[in-house]
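Letters A, B, C and D name the chains as they come in the text, with residue numbers starting at 1 for each one.
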Amino acid sequence: MSDISVHPSVHQESTMLSCISRDELILQFQTTRQLTVHLCQPLAIEDYVIQGCDDVSPPKWHLAHTTWFFETFILMAANKKYQPYDVLYQYLFNSYYQGAGIPYPRHQRGILSRPTVIAVLKFRDYVDHEIMEFINNASIEILSAYYPILVLGLHHEQQHQELLMMDIKYNYSLNPGYPQYLSTKPHTTKQSINKLGWVNMTGSIVTIGHNNDSFCYDNELPVHQHILKDYCISDRLITNDEYLEFIESGAYQQSDWWLAEAWDCIRSNSWNAPLYWQKTNNEWHTFSLSGMHKINLYEPVTHVSYFEADAFSKWYGARLPTEHEWEHFAKTSKQSIEDTNFLDNGIYHPRAQISHSYQIWGDVWEWTSSAYSPYPGYKPLPGVLGEYNGKFMSNQMVLRGGSCVTPYSHIRATYRNFFAPDKRWQYSGIRLVCDP
Amino acid sequence: MSDISVHPSVHQESTMLSCISRDELILQFQTTRQLTVHLCQPLAIEDYVIQGCDDVSPPKWHLAHTTWFFETFILMAANKKYQPYDVLYQYLFNSYYQGAGIPYPRHQRGILSRPTVIAVLKFRDYVDHEIMEFINNASIEILSAYYPILVLGLHHEQQHQELLMMDIKYNYSLNPGYPQYLSTKPHTTKQSINKLGWVNMTGSIVTIGHNNDSFCYDNELPVHQHILKDYCISDRLITNDEYLEFIESGAYQQSDWWLAEAWDCIRSNSWNAPLYWQKTNNEWHTFSLSGMHKINLYEPVTHVSYFEADAFSKWYGARLPTEHEWEHFAKTSKQSIEDTNFLDNGIYHPRAQISHSYQIWGDVWEWTSSAYSPYPGYKPLPGVLGEYNGKFMSNQMVLRGGSCVTPYSHIRATYRNFFAPDKRWQYSGIRLVCDP
Amino acid sequence: MSDISVHPSVHQESTMLSCISRDELILQFQTTRQLTVHLCQPLAIEDYVIQGCDDVSPPKWHLAHTTWFFETFILMAANKKYQPYDVLYQYLFNSYYQGAGIPYPRHQRGILSRPTVIAVLKFRDYVDHEIMEFINNASIEILSAYYPILVLGLHHEQQHQELLMMDIKYNYSLNPGYPQYLSTKPHTTKQSINKLGWVNMTGSIVTIGHNNDSFCYDNELPVHQHILKDYCISDRLITNDEYLEFIESGAYQQSDWWLAEAWDCIRSNSWNAPLYWQKTNNEWHTFSLSGMHKINLYEPVTHVSYFEADAFSKWYGARLPTEHEWEHFAKTSKQSIEDTNFLDNGIYHPRAQISHSYQIWGDVWEWTSSAYSPYPGYKPLPGVLGEYNGKFMSNQMVLRGGSCVTPYSHIRATYRNFFAPDKRWQYSGIRLVCDP
Amino acid sequence: MSDISVHPSVHQESTMLSCISRDELILQFQTTRQLTVHLCQPLAIEDYVIQGCDDVSPPKWHLAHTTWFFETFILMAANKKYQPYDVLYQYLFNSYYQGAGIPYPRHQRGILSRPTVIAVLKFRDYVDHEIMEFINNASIEILSAYYPILVLGLHHEQQHQELLMMDIKYNYSLNPGYPQYLSTKPHTTKQSINKLGWVNMTGSIVTIGHNNDSFCYDNELPVHQHILKDYCISDRLITNDEYLEFIESGAYQQSDWWLAEAWDCIRSNSWNAPLYWQKTNNEWHTFSLSGMHKINLYEPVTHVSYFEADAFSKWYGARLPTEHEWEHFAKTSKQSIEDTNFLDNGIYHPRAQISHSYQIWGDVWEWTSSAYSPYPGYKPLPGVLGEYNGKFMSNQMVLRGGSCVTPYSHIRATYRNFFAPDKRWQYSGIRLVCDP
């Protein structure tokens, strides 16, 4: 779900304008758009500008890019006479859509002081107003035609809400003053949690992919059958405590557990713990949006790369689930998606397991052992938006389940997130599987 | 099948010493070992030393490394009192087996003038003699225990025979004098070939993986069921002629066809044709082991990366086969593996289609759209050799069918070769699939 | 005069507290400190944060670093009980003084959003107040002891005023919207200027270096004798017009004119004109603090590297002056330093020659052919500040005469500025010499 | 005196054909050419091919390049009908003469297995024969015209004899087997040597540069006057013993002694001792052409960079000599250039001081504090050879006095060798100066 991994495709048939009024649509639009700005509220002007590494973007870029999306794919597409708010923005805030012109280089987003934050917010206001005018005034035919794109734009906005939180955290973490986004301290429950248990899953031919009328990305389609053998899946996420054992066993110094690329990666980057971990006075601390503090042993480990998740699983004597196993487990577990820890909670940090929750939803994205590949019969959409379907289907691994900075309404059992195996600034964690 | 991708694992149960006498084993051993040296016959001493890029190895390194393999995993393992021929060689000729000590850095193999070629050949002679003594004199229990490793060593040797040919070609190609390994000129049949046709394959639950007693690598196991939908697969390989159309349509300048990583790759490397292609006086030439010459339009295109194969397939309106589709096709097509173009032919270059051959075997490795992942229930072997099973299961794509530099006896329908998606010094080519 | 080339050394004997009252000193201090803040007035908050490349620094960093200098070398040095305003600032705003602790990495100054601009200005106010208290209240012995450091701090501040202007220009130039620091347009006089003439200088034994009581850096000492042969020096600076001829003759494509390192540099960076030049619609434009506009042919060429100045001189059939020749010329020419174009003018751009001025002072720094080496008998100062005298005496070339962004009171005939031969974001230009 | 620093310029007037017969010239030619081949005698074929880093060249490249020089600048220049021995060699063996066509990339010399060593030797034989024919048969006018180039070619050959020895040593040093070029062991005299003393030199106006009829490079011209102050110069070279004290004092960990670029260099390369030094079992060893062995404390330290020589001098409380001081000392010291340790001795390693020799000549090149700049009035030669005079006059420091791998007849008091300040594969050492 990095910016370069956004997959702006839609399942057109499943998004029906008939189910929703113009007013409801405007309300949804406003709510979603306002949340993005709201998430930036704790920032100083200076915080909107910086780009800590090539993978992250300045907050003001996210504000502008999501606006560019609506302007380009709705306003300009629906009305050939529409003049862009600023021609330069068309260039600066295109992320990677080659079909919409050569984009401004991603790694140089942090050297743009202009447009200023205020100028970007004016751009948002302008485009928001134009979109609402469009929703109110477009003919039913036109509106129906663009409705799927509007919905896509809102899901796109939600993806950037998650990226915004990831990027703010990353940028802050590089500052030796460790700025705090949250004024509250993190939970520090000392209470232990259950020993890791296993849920027995029976093999069968299972159905994979999205199969109802609600919105989904095209990578969740088509629905298809897949053969699963029996498997046992862990009844909760791996904790910091368990990961610490892995570290302290010397695993980062033993080649045995690591893929060849992983071993190169941890050595050339001198990794010896998850991202944001730091040993001070012989105690492990981590950086969160509340600043730097001791790790909580019972929270799910997070900010681990696929390489680390995979190595941990081997060291543990288990393996990571395939994405099919995960989806089957999620669909059959009947655990409620409610009372879970998503962006909406405002905690922005994974929570320790509560009672006997399987922790399927929220908290941390769960690495699977599945490469991000097209489902059998996968079809890209036509046109510019469709240009990029599957564009990222190389060297990416699938993650499932959402995180503490994913909007609640954004997630579902068939949702396929993906990151390159060495990335770890997303809130990613570990669930295990073993064979009976 | 790059050196770093060699997977030295064995299917122990399926390799039965009872089927073969000591004399036969010695004969197999000698034949295989001698072929490696024989392939080097056209080389000058200087040719044995150079390393054209990090991916390739000097020929004398291949000669020494394959010997190191037998010394380390047979002689030293079976006899704790065995003294290595040269302790330094244990370090220099370890490719990537961390469990056998930290290997000499791969990218610096080309700065070692010593040991000389003669010294390396003496090392081979010594170890060959010791291995034959071992086969003759070891107790039946010991020999049975090491028989699977011996067989593995021979398959390992065959992989390095292919690498040797690939690396010699690559090294020579960098020399502006274009040395010739072969004194013969390449075939230049002007005769056209059949228009591309499609074979209709019916979907079903198919069996994937190796399921008899002969040797296989562990990545071909376990046998398992897989669901396939109906698919149509091309009845021959894509030719230079067809690939030329792709080039001339401007495809290397159009982002539409390319994965995001592919687009970065072709632009940052200024790729505009397969490896070894060069436009001179407005005509496309290619470098082969016979030197530089005009391309033959009817030969299968080769030395394309996964990125290029994938882009070509999209441009053509088709896609690449999954490895399951390929294996199913190969197993059901009943086309003979004989009269095919393998290393044994001594041609070392793909041939144009002959009559109505599907070209499944030999000529060029066929890219599949499958990431190189473990089969369900995959188990690494115990011990040092097992240390590396699956070690390369990240960011690699599967190729099938063998090439004109693969030994005939090395290939089978379940054989999974793999390379990173940007590699193209292997003899790789393209077969297409489309959905009915 | 890059940040890394600041040479914080003083000629202690020549700076006499007896010449100046406490009030006058405070006035000087205030005036200099306020000018730095004043230069930032046209900036938006966002402009203070960015760092366009490793060589430049964010404006807020300059504001903080110059303050750090006074806090560290006056307040903390003079009063062991003094508590730093913020311990973290001691780390963040140390430029390169290893003796004052390991400095924060220079290339990462642009990823620090905090401290904010307001926080930095508070830091300035606090330290300014403390310094003024110190000047008012310190005993005469203490004040005398620290007076040379105070004066040094003010010259250091002036160097950063120049850097600030250079860095703002560089940062702005990278923004495709070409922000304007100045609201005024640049002069566009169409009037031609004099043909280049030569001033005959007679060789002799000349005196080089600073030889009066006023402030100078230690690299201007000791005064010494140097033998000069007869030479002819150009009576004005090289213009854009003349440099354009060099470009249009194909000089950037001809290896003949270039040093070996220069040829590598221009090819690997694809240089074909001075920094900030851009050909649009077949006309050369340049970026200045007034935005992007056509070049003025009669202005002195600027933003050329040593490599380009040297190549131009060879192409012209001349050479660059040695620093001794330049200093001799400047000392004997009797041209007034008044009516020249320095920072104080507020033009921030070189002016075309006015009447028959030799253009010795201001406008652009003049590259000399002299490597930046110690004068015979050069002595570093004792202590932390002295630690760095001469620290930059490798791979730097000397420039003379000041520029349009140098404060008027900062320059003198003996002043030795220096930059690496490939740098060109300073306002550097060309004067020629030929042998009779 | 690296290949890229070869300065193929001649002092035309000073080389008089009238002093030498055709037979004598042929003898000189043969002797010099044969020595180059002779120096390669201990090499295996494989040793001729490798290139340990970008700075060094394969031995066979040196053999071919020096031949290319004679073919290009004599045979092809004197006879327009002359056909190059092999057109490809014109490209492959051009070092950096842009005027003679774009040279083959230097860093890829080690990937050329062809032409083979035998082919290169044939090329040498052919060109040698042609040159001798030319000397015998050319008209006196033609021969006189090319005589300076012939002499230049021989000095060029001598420079490559030194480079050959440096490069063989460097290449061998990278091989963990530490091959031996020499079968003899190095001297290991345990006898101590004199305490470092100082020779008082009186300041005056001194004459610098070559001022007789013998051969010199153009960078030694014109003769000119220079003012020197009084100075004291060390009466011998700095030893390993003295350098060891520097190391053991922790100097490589203290920023105080180092230029800013030097500090970056030693940290980013993890330097903690001269090149080739290695601490094993708590004892310092070094690699020489006799293999790896303990350092001899009384030998001059060698293979130090300018950065290290400069830092050592500061740590010692002294400084390096300027090149003018060195030349003045060498000219006035009256120490014989005989009984010194040059290439001709066949020792190829610096010797400890013998009785009271100042060690001015041979053993190790002595770093000076002078940047490599043109002398006042310096004029490049006309034509292609002149194209490169002074081409290397940026970021290089001057060294003086020759080394144990410099041919005896190659050196003189005015000889200016030069290397970039971070290079140390040349036999470079340290002499100190202090001010009275």
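Here, a residue touches a chain if its C-beta (ideal position, glycine included) is under 8 Å from a C-beta of that chain, and two chains touch if they have at least 3 such contacts.
All values reported here derive from a predicted model rather than from experimental measurement.
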Touching chain C and also chain D, the following chains: none
Starting at chain A, fewest touch steps before arriving at chain D: 2
Most distant chain from chain A, judged by the mean position of its C-alpha atoms: D
Intercentroid distance (Cα basis), chain C paired with chain A, Å: 47
Geometric centre distance via CA averages, chain B-chain A, whole Å: 38
Separation of mean Cα positions, chain C and chain B [Å, integer]: 60
In chain A, residues with contacts to at least two other chains: none
Set of all touching chain pairs, with the criterion as stated earlier: A-B, A-C, B-D, C-D
Complex interface listing, chain D residues touching chain C: 4, 96, 98-99, 205, 224-227, 229, 255-256, 258-263, 306-307, 322, 369-371, 373-374, 376-377, 387-388, 390-395, 421, 435
Residues of chain C defined as touching chain A within the complex: 44-52, 60, 88, 91-92, 104, 108, 110-117, 171, 174-177, 179
